[in-house]
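Shared between the two complexes below is chain A, which has chain B as its partner in the first and chain C in the second.
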Partner chain A sequence: MKRLMTRENAIRWAPMLVLIGLVILFTAINPAFLSQRNFARIAIAAAPALMVAIGVTFIIVMGSIDLSMEGTVGLTAVLFCFAFLATGGTLAAGAWVAIPLILLLGALIGLVNGLVHVRLRIPSFMASLAIGFVGTGAAVLVTGGDIVKIDDDTFRALLTWRIAGFPLMIYVVAALALLAWFIQSHTTLGRNFYAVGGGEELAHASGLNVRRVRIMGFVLAGVFYAVAGILQVAKLGQAESVSGANFMFISITSVVVGGVALWGGIGGIWNTVVGVLIVNVINNGMVVIGLPDFLQDGMLGLLVILAVVLSTDRRSISFVK
Partner chain B sequence: MDLQRLKPHLPWITLIVLVVFVGITDSNFLKPANLLELAGDIVPLFIMALGLTFAIYIGGIDLSAQSMANMITVVASVYLASLGLWVAVLCVLLGFGLGLLSGFVTTRLFVPSFISTLAVGGVCFSVAQWLSGNRALNMDAEQRNALFGWMIGRTGIIPNELFIAAGLLALCLFIERRTTLGRALKAVGAGEMAAAASGLNVTRYKMLAFAISGALAAVAGLLFSVKLSGGAPTIANGFLLPAIVAVLVGGTPLTGGVGGVLNTAIGTLIVAVIRASMLYFGVQATQQQMVFGLVLIAAIALTIDRSKLRTVK
Partner chain C sequence: MYQLKAVEKKFPGVHALKSVDFEIKRGEIVGLVGENGAGKSTLMKVIYGAYQPDGGTVMIDGKAVRFQNPRQAMEKGIGMVFQEQSLIPNLTVMENIFLGYEQQFVRLGVINWKAMSAAASRQLAKVKLDIDPATVTSALSFAQRQLVELAKVLTLEERVDGDLVILLDEPTSVLAEDEVKMLFAIVRELTKRASFIFVSHRMDEVMQLSDRIYVMKDGAVVDVVPQGGATVEQIQHKMVGRNVDREYYREQRQKPYDASKVLLRMDGVSLPGRIKDISLKLHAGEVLCLVGTEGSGREAILRTIYGMRTPVAGTLQIKGQAVASFNPQAAVSAGVGYVPRERKIEGIVAGMNVFENMTLSQMGRYSRAGVLNVTAERALARDWIAKLSIKAHSELADCGNLSGGNQQKVVLSKWRSGGSDIMLLDHPTRGLDIGAKEDVYEMIRDMSDDGVGVILVADTLEEAIGLSHSIIVLKDGAIQQRFDCLPGAKPTLFDLLHYMI
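So, the complex of A and B:
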């Protein structure tokens, strides 16, 4: 039994246990929590956040950080609406072109992010924060502060068409999470993320083109942010420059709470899925049991500190900045 | 004259070039009244940047400054009626305490500062929403004028904010140049390992740096709420980016150790001139964020000390 209680096992299973514990707790306080309708509500709230969180997971696994998501999601959501309207306004009439276009744009923003970080040798948190500001600014610029609406029943079917009680977008998100897992576990790129995160100098010494891997990571993250932008539009039927607001805090909290170590190399997509569920179950549960929603950011703030503290091996680091 | 020797002088050269450039294109710009008003308007931002300087000087960052200022505008608006002048003390103590908490989480719990301050910022945001009930609050105008009117009035043609800014700058300059704390912060910023090895209590000094940053963000929030005669949980949004830009274009690099509060003063003036010129060229306030984002990247790329970063994460 003693071997079961290792640090690695605790870190691996703790987030899952926390999630189950939270579900039991909220159900005990208000049985209405444990209903299919409520679960669908949680899933819808979590869907765009999960895409953002999965994107940033690749980066955090490399030991870097990406804070550009608010700007990227905002800009892609807004431009998606414009592209959608410009290409016909309905999926059937050819507006589907907007989807690959915006995914490409996400990749491009990620590329710029990666290039600024790697080529100019700027720490990723600052490079991506600045790019995020630029993204939000660009979103304000193109919208002039207005809201852009999309009214296409075929596209909105992502939200309105339900299979077994869950909207179509949940299945899309699940499929993309599987894809992300595949990239992480079964491709060279995915392995390389872990190699860089586990020890950059070692990875470099063994012949890996670390800079390219880093840039690729940011490109991949950018694509997932763009997906989140599109889903955000599908969810709300509209976009504005602040469509990406609060994603930075929520997604990083989720990733860290799920057990992905900020130092890199540890954890992965499944941790992120569990983390996003924990954060959204807390947000939803607090409303269900009647706590005011302004407590959420404070709760999440304390939670993220706790999670980082628990997942940090204090013997292996000397100081942090 | 190579770039390395030129580097420390770049900030004020940039400032002069910018002022001359804008002065030539816009003849109204160089009028004393305009310059003074420009400087007066930027003071809350300057105070926040002043605090941020301490966090960046030691190689950290404080992303909670904006949320802190937001929260303080609410606190000041809510408690002005009951506490009177003491509300200022409450605000500064609150900022100092929460900054100390950021510092504690960073140094003792080994959470990187950009995460710990982001988390503390989340706590601030919650408190602000809770205290304000998610509404915009107004101060009692009479009471504000009686107690804090001196902050925003004018002496002759000089806005009083400038005296506050000068006072705080002098205080920070004194801390930086003439106290043990200042020397210790320099040592930590120049090389944390070496500072720890030579017996310095690095943890304590780093915590103090974050606390000073929090306290000054609180002062910025207080001044801002007095100016606007009210507060709201998101009222100071948009401060963080120009504040970071001000510190970095002033010449305090993200890696810390060099630069300082005097540099931040120059950096803030650069930000003010950029802002004014953008208004003159018809770039609206909401679009400035993009420009400042790009300026930020350029400033970091120019100032950062790459010899201190073995691997850039």
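So, the complex of A and C:
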């Protein structure tokens, strides 16, 4: 017996329907919304946020939370600029080395995060929040509060070189999202995230090394935050200690709006992609329809609550903490 | 005063209560005994309002009543003292006693703590517990908490007009001897305030305390024994007296095990407070049953073998190798599989599909450099779905939506497909209907044929006797007796019970 409109299916497709509904809504108010140029704008705005959101998705699927993204993105962005300048200042001159270096740094921050959480048995939200602040502080320390600029046309091609109207970085982000999906559904690590999130006791009782899985999750998230840091630099051509600002709210709301359950085990990368698009479409749409900017933040908050109401199954849990 | 007439309760696949008649008079202590699964807990739940009966009537003072929930039952004077205590550990004693009934102490939205404390002291005096009502509950001993729980139930006295009926579910299971004596003295004294229903596995205590004893078997009351009307042995016979169906437990398929091949050996293993000086051997093709009451150490032995507990003394050898570090990973790689009692918590991950659950403990075999071979995983799952006729629409079905029996099959195939040859089964048939139980029995025999050693904690004694090659009876964490169970020469239920309690 197959039914198309089961509750399960409704929940699965709700975020997608919300996204389509929003696009129709904004287009109806201002047809200029539905243009390739505007979509490219949305995509560019969404690109670093998507990387952060994907990183935190792995953690949320495990049933934990990671709040270190703002500090990690800020610090990796700043150090990326320094490393880039120190190794030649242009990709051609050998500054490409800065990219693997910074990804490694992201992994390292994630490792510290995971170790603090698992070894010292500190709840993940507290451990990661603290590490995030350390990251922001370190970024201020190394920059002395200044802005660091990068001027390399080959690197900036990530933003300037367009294929079919979309800049190169969008394709990079799409490829990395595919990679994240592959990790999620085709590697033992990805499967382990779901096992830990769906039933930690059971994962343990099945002989999984739960602590290692948790630490690896934070490492992986750290790498994705570092990618976001690099993309922030590519987008703006500069970095400062606040380069990671706002990513916490945007990424976590995106993940939740997309239908990933905060208690773990449910949802995945595709939910996050849709969630990031929803949040960015809302943001962009409000500009396009000419909402005064002092209303935009409030509206975003309201729309996020609405989107969560529509797109997540809250009946299955008895208590919300 | 309180009466049940022809009460019926059915669950899918289980007829839990069959036309039960039950009566308790004012100031009486009534014992309720029966094996696990005989229907005691269902009957209790009907009495205190957690379940609504499907048929029959509940009467108080001759008037029919119907409870939608425990709170309504409480308003009619029926209280429950839970075995797993229902006190919230981080609240004070008085807050716990009046939890949900604070309104009587509230003036203008503010709680009058002094009044509550005084009221709580009055309740505590009823159970002769001399503690400060402002003590945080977690600071109390287990016995003290039990009394606080009783005091909490006794607040019904002031709230309810009619008579009280208080259920005591295994109140003595973790108490020391003198604490039990004290509790009994208090209960006897309280009979001028309330009637008690006393549920326990400890037959001698039930006999000692109760005015009458209801004996349950298979969801029906088989006898009501007045105090001194029967010996412990006679009651035990009534509890279990039924014909064991050999066919049902696949006894004809029981073959002798390979005594030359020792899979697992425990020597003098002890865990403080749980098991002491346990020595046993498991051979290839053997089904070894651990028999004992709740808390007798059966589960602790399984968990030690599975590496979830580290013993303080003794050695464990798996296939001749002494186990050095106790953790599940090591146990799994040594070929140990564990089917826990709490299927929902430790058995399957709801939300993950069939093939993901099956390969959870053996992902290393289905991956190369961390990348999974999903095609092979799915083929494995399809294979086992067919082999065990698991009712799932495909290997992609969410395990959370399968029936209990099919979930259990998934758990068993998870370990069997991974090549585990030491299987620890903790209540593998709990909550399954008869057909599914028979499938599990069939699988256990299949495993024996394949040379797998099984350590089983069975749901009932018949199951233990029917399935096993050998039985070890445990009591208070120590081995009492070992039985050989050759087909046709099996020990009787009574033989086992004799050593259990």
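Heads up, the rule we're going with is that the second predicted complex is superposed on the first by the 287 of 321 C-alpha atoms of A that agree within 3 Å, B and C clash if a C-alpha of one lies under 4 Å from a C-alpha of the other, contacts with A are read in each partner's own complex, and residues count from 1 in each chain.
Please note the rule applied: a residue touches a chain if its C-beta (ideal position, glycine included) is under 8 Å from a C-beta of that chain, and two chains touch if they have at least 3 such contacts.
Model, not experiment: these values are computed from the prediction.
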{"item": "Partner chain(s) touched by A:134 [first = chain B, second = chain C, both, neither]", "value": "first"}
{"item": "A:265 touches, of chain B and chain C: first, second, both or neither?", "value": "second"}
{"item": "First, second, both or neither for A:12, with chain B first and chain C second", "value": "neither"}
{"item": "Contacts of A:304 with chain B and chain C, given as first, second, both or neither", "value": "first"}
{"item": "Touching partner for A:201 - first (chain B), second (chain C), both, neither", "value": "both"}
{"item": "Partner with the higher number of touched chain A residues, chain C or chain B", "value": "B"}
{"item": "Interface residues of chain A shared between complexes with chain B and chain C", "value": "201"}
{"item": "Parts of chain A lying in touch with chain B, wherever the complex brings them together", "value": "63-65, 67, 116-118, 120-127, 129-134, 136-138, 140-141, 145, 200-201, 248-249, 252, 256, 262, 264, 292, 294-302, 304-305, 308-309, 312, 314, 317-321"}
{"item": "Touch list for chain A against partner chain C, complex", "value": "185-189, 191-192, 194-195, 198-199, 201-209, 265-266"}
{"item": "Chain B residues within the chain A interface of the complex", "value": "59-61, 105-107, 109-116, 118-123, 125-127, 129-130, 134, 192-193, 196, 202, 241, 254, 286-294, 296-297, 300-301, 304, 306, 309-313"}
{"item": "Touching residues on chain C, where the partner in the complex is chain A", "value": "306, 308, 328-329, 331-333, 338, 340, 345-352, 356, 360-361, 363-364, 367, 370-372, 374, 414"}
